[in-house]
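Structure below; questions to follow.
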Amino acid sequence: MQTVANIAVLVAIYALIGSGYVLIYRVSRVLNLAQGELMMLVAYLLFSLATLFGGHPASALAGAVLLSLLVGLVLYVVLMRRMTGELVIAAVLVTIALGILLRGLMVLVWTGQMARPLEKLGWQNSPLALGHGVALSSVAVTTIFVAIAIYVGLFVFFRYTAWGVRMRAVGENPLLAAQRGIKLHVAYAMAWALATFSGGCAGMLLALDSGLDGTMAIIGLKAFPVVLVGGLDSLRGAIVGALIVASAEVLAIQLIDPLVSDVVPFVVLIAMLAVRPWGLFGTEEDIQRV
Amino acid sequence: MAYASGYFKTDYAMELRLIETRWQKVSAAVLVLALGVFPLISPQVAIGIANQVFIAIVGAAALMLLTGYAGQISLGHAGLLAAGALTTGVLFKELGATFWVTLPASAVVGGLLGLVFGLPSLRLKGLYLAITTLALHFVVAFVGGEYETRRGFSTGILISPPAIGGFALQEQQHWYYVLLAIAVAAMLFCINLLRTRTGRALMAIRDHDIVAESLGIPVRRYKLLIFVVSSTMTSVAGCLLAYYRGFVSIEAFSLYLTIDYVAMVIIGGLGSMLGAVLGALFVITFPYVIEGLLRVLPIPAGIANEMFAINYAAFGLVMILFLVFEPLGLVGIWRRVRNYFLLWPYRQTAVGGGGG
Amino acid sequence: MAEASDDRPLLQLAGVHLHFGGLVVLNGISLDLQRGELLALIGPNGAGKTSVLNCISLLYRPTQGRIVFEGEDLAGLSPHGVARRGIARTFQLGGLFPHLTVLQNLLVGRHAHFSSNVVLDGVFWGRARANEIAQRAAAEEIIEFFELERHRGELVSKLPFGVQKIVGFARALAMEPRLLLLDEPSAGLNREAREDLSRFILRIKHEKGIGMIWVEHDMQMVADLADRIYVMDYGAHIADGEPRQILADPRVVEIYLGSKGN
Amino acid sequence: MIKRSQLMLAAVLGAFVSTTLAADSYVLGLTGDLTGRDAANSGAVADGIRIYFERVNRTGGINGHKVEVLVRDNQSEPSRAATDAQTFVNNEDLLLMITASLSSTYAPTISESKRKGVPVLFAGGVCPREVFPPKPDPLLFCTSGYAAETDVKFAVDYIQSVQKNATLGLISMAIPISRGSIDQAAEYAKSKGMKVIGHESAPPPTANYTPYATKLKEGGADWVLSWAPWVTQVKTFEALRQLGWKGNFISYGHNVAEEELKRIKDPGFLVFTTNGMFSDGQPVHKDVLATAEGKTKFPITYLNEGWVAAMTLEAALKKAGWPVNRAKLASAMDGLSVDLRGLRGGPITWTKTNHYREQLYYRVYGWDAAGNRIKTLKDWTSREVK
């Protein structure tokens, strides 16, 4: 039972990080390899805000959420906007370079030491007994709920709101969408803002649960096989991918050898690339398009 | 590409010369002289940097062939470098093999791995190909890591310097000439490849693979071929790196190394061998230049440690600036500067750059 | 080029069908082409003319039916194998390699005539060097034939569209084919360029004896040049025969008028 | 355009000049993980050494000569370390290299040092095999606290002295050195008749340690031993507590341990270490506090390891005298004994047969919940180094 709970937590983390990749890819066909650094940045922003407003945890959290949206927006407007129409691989490289830049800046601003935003917020990460001998930390439980909430929110947004539908249209056929009067740059900017927000949530929750240091960026990369297995342009795929990879990882730890857990996601990924390169829920023609 | 008037070609063989005019002969001679004299007058540190540049040129040229000319994007470059270094390390440690065994062995292993890395290219393009090669990188890293741990070489394998006829290659100066020769040979190989049938076929595949196929080019075979050629070169570079550094450790071949090499071909300028050279030069010397700059500027000692974060961030920033503002890379800048001086004193917009 | 002396047709299509999912693109196309014959393939947009060419050069695999070239069924070949058997083609939009010069584009066309390999190419030794010189001479003949001398060293992306189309034509001819597939070579050309094009087509037919399937919209050119016309609509055969007879055929007139009426 | 290139040239020349003009001082080169994943450890070592020699230079230097420490960052990446080492050994004036980073950087450093006969001091991270008796490498020396095999044996013995029939769980980080040591701990504990329930190994970036903790808890461990980088140790412990695990956790006390004990405040979380904590309140600790105040971004308790290295280096340079060269310094280090005045349980003594130390002194610290302070659970215990 505990194993199931552990899988659920890891699925939530991977799905949240994965949503960041998917949102940007789906709308603008750019693979954002700075996702790990962005979630780390948002987590550090939370840490700084928590230090500033120690007494008002809610305002620190709200501030961090707002800042995450703003960071995504600014990044698009200042940087990624210039990459529209360039080679896809050039845009991807820009995100890699952005990751390097951000990491250097974060070391400069926050040093490389472990930061613990939870303490600054004045909260306790107390264990919750969930019955049947299952226990999880309260932040871990929160992570599951946040992941569900964000995914439900995203599904509703894309299905029922005007801008959600427009963003989908842009993702499917930017030319046609532009002819219909949809402002491409607005759609792309919103995708970046949303992706930074949902990835940033993963970063904040991870930091609240077990602290924050330079390795978080690499965790962002670890979630990368998840979205590839699920399909780069599908939110549903990200959930299924997270489920597959997280289960494989946790079961490998539990049943085989913990050492294998590190390679498992990539083995799953290679198997998927060999059989169905566009992922479980991805769209096939993407391969021709890029 | 005759710069001076009064130079005429009288047969097709003349067109195949790499160095044509007197002006080109003079500049080539100056370059050879400068490269030859450099280690005699430079401090050890500078020779060390030059040596790293030479090895990087071999690796960057290999990646340039693959990505810049054949249009196949690979993020497995560090894995292939690791394969060469590891082959060298394993053969040296387990069998005491000499340089004359390890170098060809690395080439063979690289070639075989190239076949494996190339297979996905038959089905996948662009981003998906990049990701597959990335996944293969992790496989190589895992295998290497397990080997080192299981055999108890967890902190890396120390390798003795290569001995050529009883003469051990140890001094930076000696390495310099050897590595320079290898880098020049690699460049000549690539340039020759590109001006002949193979190179044209690669560029045709990059620009229009379906058309290339209907012109009688076996596209799949050429894709595999270029992966094998590029991987062999890369693996040889890995072998050289192992000997030059005197150690092999799988941790030295992280994803960042791949990024360094991708940066070399992008910053240098895709689709140009000169770009591979300039890119290698730029990426290798960049941290030293930044460090030198920071050292010249008055910086309080207390934040000395931050210097390295600045260096790191600056690398990211420069890469972004290149990608956004100079997609043609250093070669683009070089051509503009060259054309400016060629046409001086006449003001004219740059003419199409065919060379490189 | 070995002149085969048999009187079998150069190319034979027998009941070729091409389906994409539920969409029927070609519906039982059968045709014969003799050596040195110039066959014009006409029909309204979407009739499946280019698809016929794509089936012959194996860019599409026919769902059903046989394509036989010089007595050999093409079904077992790859697209580059078809090209090496002596079938060359041009593309509607040129299909040139934009980052290569005119000369390099032609040399790519001569790919199959080289006998070097990657190692020899890399060291530029022996056969590789001799090949480069010999093939360069061969390419130069083509350049002369198409009067492209002054564009020889230019990047094709910098050339006007009309010249690009000629280069595409030249590249196909550089392959020394026995069958040439021309996909709307005159589209986008002005009158003067069309006259040049007509001249080239006639010279190829008379001087080189190459069989050609020619997809064309310019009925005047077709009437002037073609030996025979093959009319298609909705992926099916409508009529074929002498130009004069076909262009007077009421069914053909109706297809063209009808399509204009739409 | 010209201006920028001139500036560039000046910068490059400047870099060379600044490394070659310092011939009237003792020049040392430090390569450390200043911005990588071990930055909290290595960066603090580098700061300790820097601050120590700043004071030495203010008060007249050593034998009348100042000490200059050139610092380079290797991010624990072997290739960067190789570049650093190469830069250092090619600097004719440089006497010795100090390394403070993960063991992945040792091979390149050792390889370069051998080429030019430059002595190396390992001042943070694990001591390499080459410094241990009976035949240490003549150029390699180590002051750092870690001793891998001896460490885990001490810890196993300690657990057994507290609880005779403990069921022992083990967790390492999936890096070779940590995995290897924990494997040794498993063997040793089994030979001592303990029940060992497997060896978990978490990869360096792990999003969630709960799966590992689950396995340890469900295996029935009442003691868990960890010898790994701090993150793995503390995150596994925290995950175990989240699962409601009630046992005791003993882990190696890196220089962050003192601050972490104060943060965690859990009587079941113990650290064993060779460095005394500042809570001991020795004069040397007060000295460090007074000297380093405001000069480092790290908590001052992190600096002990760097301080030990700097004290040892000062003694070595003093002994080597002036003028000095690489060989002379190396031979001065052979047969050096440095009193660490309470930073450690005993002195550092190097001999021809031992470039590590002959005795290791361990202490176990834990949290005194009633007194709300750090307490010593077991005082200095010495172990022979063989």
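Each chain carries a letter (A, B, C and D) given by its place in the written order, and its residues are counted from 1.
Please note the rule applied: a residue touches a chain if its C-beta (ideal position, glycine included) is under 8 Å from a C-beta of that chain, and two chains touch if they have at least 3 such contacts.
Keep in mind that what you see is a predicted model, and the values were worked out from it rather than measured.
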Practice problem: Could you run down the chains that neighbour subunit C and subunit D together? | Solution: B
Quiz prompt | Chain closest to the assembly centre - both centres taken as Cα means | solution = B
Self-check item: Farthest chain relative to subunit A (centres taken as mean CA coordinates)
Solution: C
Self-check item: subunit B and subunit D, separation of their C-alpha mean positions in angstrom
Solution: 37
Quiz item: Cα centroid separation between subunit B and subunit C, in whole Å?
Solution: 41
Quiz prompt | Separation of mean Cα positions, subunit B and subunit A [Å, integer] | solution = 34
Quiz item: Considering subunit A alone, which of its residues make contact with at least two other chains?
Solution: 104, 107, 262
Exercise. Mark out which residues of subunit B touch at least two other chains, giving numbers and ranges.
Key: 309, 311-312
Practice problem: Mind pulling the residue numbers of subunit D that touch at least two other chains? | Solution: 34-35, 43, 179
Exercise. Just spell out which pairs of chains touch, all of them.
Key: A-B, A-D, B-C, B-D
Quiz item: Which positions of subunit A touch subunit B when the two form their complex?
Solution: 31, 79, 82-83, 86, 88-90, 92-94, 96-105, 107-108, 221, 225, 228, 262-263, 266, 269-270, 273-274, 277-278, 287-288, 290
Exercise. State the interface residues of subunit A toward subunit D in the complex, per the touch definition above.
Key: 2-3, 6, 9-10, 13-14, 104, 107, 111-114, 116, 119, 125, 127, 129, 135-137, 140, 206, 209-211, 213-216, 218-219, 222-223, 249-250, 253-254, 258-259, 261-262
Quiz prompt | subunit D contact footprint on subunit B (complex, rising order) | solution = 43-48, 52, 145, 148-149, 152, 154-159, 170, 172, 245-249, 251-252, 254, 256-257, 288-289, 291-293, 295-296, 301-302, 304-305, 307-309, 311-312
Quiz item: Which of the residues in subunit D come into contact with subunit B in the complex?
Solution: 7-8, 10-16, 18-20, 34-35, 43, 46-47, 50, 54, 71-73, 75, 77-79, 82-83, 86-87, 90-92, 103-104, 106-108, 110-112, 114-115, 128, 175-177, 179-180, 295
Quiz prompt | Complex interface listing, subunit B residues touching subunit A | solution = 73, 120, 123-128, 130-132, 135-136, 138-139, 142, 255, 259, 262-263, 266, 306, 309-317, 319-320, 323-324, 327
